[in-house]
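Shared chain: subunit A. Partners: subunit B in the first complex, subunit C in the second.
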Partner chain A sequence: MVLDRIKFFGQRNKQLLGMLGAIAVMLLVLSISVENFMTWTNITNLLAQVAPIAFMATGITFVLITKGMDISGPAVMAASSVIAVAFITSFKVITAVHLISGCMILLLAGGFFGFINGLAIAKLKMVPLVVTLSMMTVATGLATVLGGARGLPTIPSAYANFFNKYTVIVMVILISSALDFLLTGTSFGRKVYYIGNKEETARISGINTDNVILIVYIICGICAALAGIVNVAIISTARASMGPQSQILDVVSAAVIGGVSVQGGKGRVRDACLGAFLIVGVNNVMNLIGVSDYFTTLIKGSIIIFAMGISSFRQFYFSRIRA
Partner chain B sequence: MEKKSPLQLKNISMTFPGVKALNNVSFTAHQGEVLGLVGVNGAGKSTMMNILGGLLQPDKGSEIIINGESVKIKNPRVAEDLGIAFIQQEVAAFETMNVYENVLASDFDKWRKNRSPFLNKKAMKEEVRKHLATLDCYIDVDTPTHSLTVGEKQMVQIARALSQGGQILLFDEPTASLSDHETQKLFEIINNLRTQGYIIFYISHYLDEIFEMCDRVVALRDGQKTGEAPISEINKEKLVDMMIGHFVETTERKNSRDKDDIILRAENITGVKFPRNISFDLHKGEILGVWGLLGSGRSELFNTLLGFDKMVEGTISFNQNGELCEINHKDLYQHVGYLTEGRHHNGVFLDMTIAENITSSDLDRFASKGIGILNNRKEKEESRKYMKQVNVKAVDENMIVSKLSGGNQQKVIISKWMLKDPDILFMDEPTKGVDVGAKAEIQNLIFDRSEKGVSFVVVSSELEEIMNLCDRIIVIAEGKLVGEVNRDDFSKEALMAGIVKQEEKVENEQVQVG
Partner chain C sequence: MKKILLVLMALVMTGMVFAAGQQEAAPVDTSGKTVVKMGLAMQSKMAPAFHAWEDYLYARVQIEAEERGYVVDWSATNANGDSTKQANDIKDLLAKGSEVVFVPCNDSQAILQSVEEVHNAGALYVSYCRAVSPEAAGNQVPDTTINFSSEEQAYVGVMKMFEIMEADGIVPTTMIDVHGQVIDENAINREKGLRRALVDAGYPDLKVVVCDSGAWEPDVARDSVDAALQAHPEANCLYTSSDFMMPGIQTALENNDKWYPRGEEGHVYIASSDIFPIAIEMLQAGYITTAVDQGCYEFAVNAAKSAFDLLEGKEVEKMQLTLGTMATVDNIDEILADDSIFLWGNDYK
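On to the complex of A and B.
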């Protein structure tokens, strides 16, 4: 009886088990190859480093499940951060109130960028890749202009003290769990899966698909803003370069490694976050072992292709059985 | 020579996870005969065809013998080499390429000029013309395929099968999307091929076609062979008996509704192309048929009425609390169910479970107030209830819909709309691609619901079905309303009359223009 239940759980959570296995292997390699790796400080540092990618991977999971795409994440993160920091540093005396309202503005800005993306995609039926590509350029430009030639001043250390690594870890766990539940346990989440599976059918079933898609992109924008909150704490200011455009690769790979299907309809926030952990972890392993950067990108790329290969193969295999 | 049998199937079994799709089926196909394969949805016909086509591998112990040699059909390529060609239900073609490119698509390599990368187009066209000529089909080989009619595309597909040297042709529901005229043409061609000594498998839900075309039938039920007989020795009742074991009777419609309470009034509904200026009333508990030829704008009428296509003009009124008042598309859809024609295109979520499919029509019922937490247990309980009511055959409600047979998928969609419990249910071809047994079940369900006050608007291409089902039929042609017939006056002639008149009118107009 108990065995059956374990077997059933395993069948439904193959992705999760695979991820946990890969993470275990990674940690094993790390603890063998690096002396004193398994210390509390190291592990918590690593977890905190994962946070920005994990937040953005959470957001993009929603988008990918609807068969959409949002590559503007890092750029939106930078732009919202710059807007917020510019607001905070415009005051002579900065108090906690300013910092808190700064955070609010950051989140609002992220949500607003997402809203624009969603509006263009859901209502105007524009192609997601094109829309978010343009948004990426616009947001980067905006961050550069607002950041000014000499850069923004730093914000008080109270901010960094509050958003220390423990707060960040708790934030990631709480927020991604909440969003995971939103996706798998609520009617809104179910509608997201319906749309990814077959948008036409969803519309005929009486679901307001446009609205759901719009909200999905807003969520993605807010998630990018959350990554911004964490990153501002790390560098105590904001600048356009804090969200390099190439970072989107890490974000999408985290989701894909976590089993989120680029063809829509499949995936979970939980697994995407584990994917983020794996991606950042692999970066760290390479760094610590002393592999050169060139090799790091090469190996990361191979891992992504391998992960996608496994999922396509699985689909191919099952479709043959079904046919 | 006469009794030589080039295709023998011995003890074919096929096991899917949890289901035995075929169980020790054996039969023989002779040269120069049309062998009908009949059975209800899920009986195993498609599985059998997929095994022959190399798409599925049968269980151990199965044996396929062609020309006295035992063969293993590992993939479609092997099937092709063995001369087995599959003419599919939904015609598949490379839409943007020419006819001759389509016909020879599978072996371009043969047509290279002296091993150069260039193709010998002249010889290719010649070859294709030859094959089309044997089919009595003289379409220009340079026409792009997308401009062909469905029937012509099918000819292209058959020509392709012949060009590959096919000896065994599998026709899976070939007439499903053909007009009457095209069907006749196809029959001629099949007869022609029969005399030339091909082995032809013919699968169809239309029993009339089976009797017209086939020399022999093999009946399957639940993966087992339940009968095999020359067609001349059996009649329809016997065949249905072989297919379903028992005869499902359709109850007669009791026409008892009083005509006072109108639930929906549509006035001057006009879309971009179709429909044009259509008005009708729908009474409570009435089953209203919409009849017209393919392409007459039947589906467009539904789409425009329900707001999926743009409505240029028109008003819709809905009976709320005893009063007819004007209503917009969005509010109307709250009270309406819509079973569409394209099951895979917009009917089901193929990769989701039966329960998730059924509850999609009224998901909010299972969600808590506020953030909408879903009650999974209640969802599954309700789904089970409707699966039982509609008689969906499946292991349980957690089964993925793509694993179900076509008829059962259709029943899942019907369950889905039953769950919403709408006042009006629009159904576009509710029994398309559904077997005899399920067809009767679906009809009985419609009768049962209409007794309880649900109104139906039904489109069907099958005259007999629509006449059996409906209280009243409106006839449309060229997007216009051309007639209305009450149940007492139902006859093929009455229904066709309006259409014929309309077509004559159009022809006359064309003559005048010409």
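On to the complex of A and C.
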């Protein structure tokens, strides 16, 4: 009876078990071999550093499942952060109310960018890659203009003290769990998967596909804004350079390593977050070992190609089995 | 199947990490010497000068450690121009147990929280080659700042350029000023040096057209200088905050028929800071009039010495500024022939 349950759980959560197995192996080897890796400070640092990528990977998971693409995440994150910090620092005396309002504005801005993306893709039927590429340019330009010539000043340390690494870790766990539930435990989530598998069939069967896609892009924008909240706490200000364009590779890779299919219809937020842990973990370990960043880039790139290879191989392998 | 592949991936990943680690791992002391953990959080490695900053510092730290009986466990990170990543890299260096963290900051304001974190962790913060914002207060003030005297660098270079122009019988008409990164204190200080030189050289009212270069980007500099020359074809002198941007500036001057060596009609007098390898060639060819070296090697000497002094509880100056050698179109060959004068650009040709 118990064995059957375990077997059933294992069959339903193959990806999760695989990811956890991979992380367990990695942690075991690294904790034995890398000095200072398994310290409380380093592990909490690592988990907090995972947060921005995990949030953005969460957002892009929704988008990828609908067979869409959003490469504007890092730029939206930077622009939303700059808008919020510009608002906060426009006051001579900054109080907690201003900081809270700033956070709300940051989330609204992210949602707004996502709304524009969604509107163009769902309603105007524009190509996702082109729309989000344009949004990336617009958001970066906006952040640069609003940031001003000398950059925005810093905000009070109360913000960073509140969004400390422990708060950030709790935020990631709670928000990603909630969004994972939204995706896997609600009728909205089922519609998202349905659209990713067969959009036309979903539409004919009465699902308002345009609205679902629009909401998915809004979620993606808000997730980028959540990453902004964390990044603003790290440097106590915001800059257009906070979201380098190359960061989107980390975000998409995290999702793909987590088993999210770029072909749509498949994947989970939970696993994408674990993918983010693996991607960010590489940087952390390299820094601890003292490896040149050239090797970091090389290794990260190789892991991504390897993960993509596994993903393609899986599709090929299972399609052969089914055939 | 999936699980096997993922576990295999984790093994490959850890294997690759160690394969790379074997090549760069810090030496482990077995001779009873005190091991000191030091870290360098580079802001970028996009320019040869940044490599020089790292290479010279690593070399000088080893020399200083050897002389004082230490062994250094060295780590270096690269933020690739991302202030958030630099802050995270500093956290990693602290988690590793670094007692001294050298930082050329990517953003002089955004770095302040990291300075505070370094101090809260009981480590030393050496602001290396770039100063933090003057707004730093209390725990945000670095233990020492090793930097070039950027204001003086611009000042002496521009003053000498005007002197050479005067000797050639040329009166400055309009000046093009290629600004560095606006959030970089060095670029800001060089602007101050330029303005002071204009006043002291007797040209307080000279028209100066400021050109943006983004983040010290030659292609951005090219576009803005091109536009400035279209609007001000009478311009006959130029200051660039760094000669790293010269390839872009050269193209803009060529586009406007102004790329001629000294002595030829249409020549634009150029004063620059840094002396990147390309500037040495341009000085020799007569295109650049004056250039002032960064003094990278001196920074490394001072930074390594100060770090160990601070570790040993000695007092060090809070601000240590170095003014590098000034080379001109007239004396560059003599400087290169003189073994006692050090130009970093010569090492990175």
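Observations
Convention: the second predicted complex is superposed on the first by the 322 of 323 C-alpha atoms of A that agree within 3 Å, B and C clash if a C-alpha of one lies under 4 Å from a C-alpha of the other, contacts with A are read in each partner's own complex, and residues count from 1 in each chain.
By definition in this document, contacts are C-beta pairs under 8 Å (C-beta built on N, C-alpha and C of every residue); 3 or more make two chains touch, one makes a residue touch a chain.
Since this is a predicted model, take the numbers as computed values, not measurements.
On the superposed subunit A, the two partners subunit B and subunit C both fit, without a clash. By the touch criterion defined above, A:Val285 reaches subunit C but does not reach subunit B.
Look at A:Ile204: by the touch rule set out above, it reaches subunit B but stays clear of subunit C.
By the touch criterion defined above, A:Ala22 lies against subunit C but remains apart from subunit B after alignment on the C-alpha atoms of chain A. Put subunit B and subunit C next to each other and count what each touches on subunit A; the higher total goes to C. Put simply, subunit B and subunit C get as close as 16 Å, counting only Cα atoms, in the superposed view.
Residues 16-17, 50, 55-56, 308, 333-334, 338, 340, 345-352, 356, 360-364, 366-367, 371-374, 402-403, 416, 420 of subunit B are the ones touching subunit A in the complex. Those residues of subunit C that touch subunit A in the complex are listed here as 1-3, 5-7, 9-14, 16-18, 20-21, 23-26, 42, 45, 73-78, 80-84, 87-89, 91-97, 106-107, 109-114, 116, 135, 182-183, 215. Of all residues in subunit A, only 182, 185-188, 190-191, 193-194, 197-198, 200-207, 265-266, 320-323 touch subunit B in the complex they form. On subunit A, the positions that touch subunit C within their shared complex are 14-15, 17-19, 21-23, 25-26, 29-30, 33, 35-36, 39, 41-42, 45, 49, 52, 149-151, 153-154, 157, 160, 231, 234-237, 239, 241-242, 244, 246-247, 257, 259, 278, 282-293, 295-296, 298-299, 302-303, 306-307, 310, 313-314, 317.
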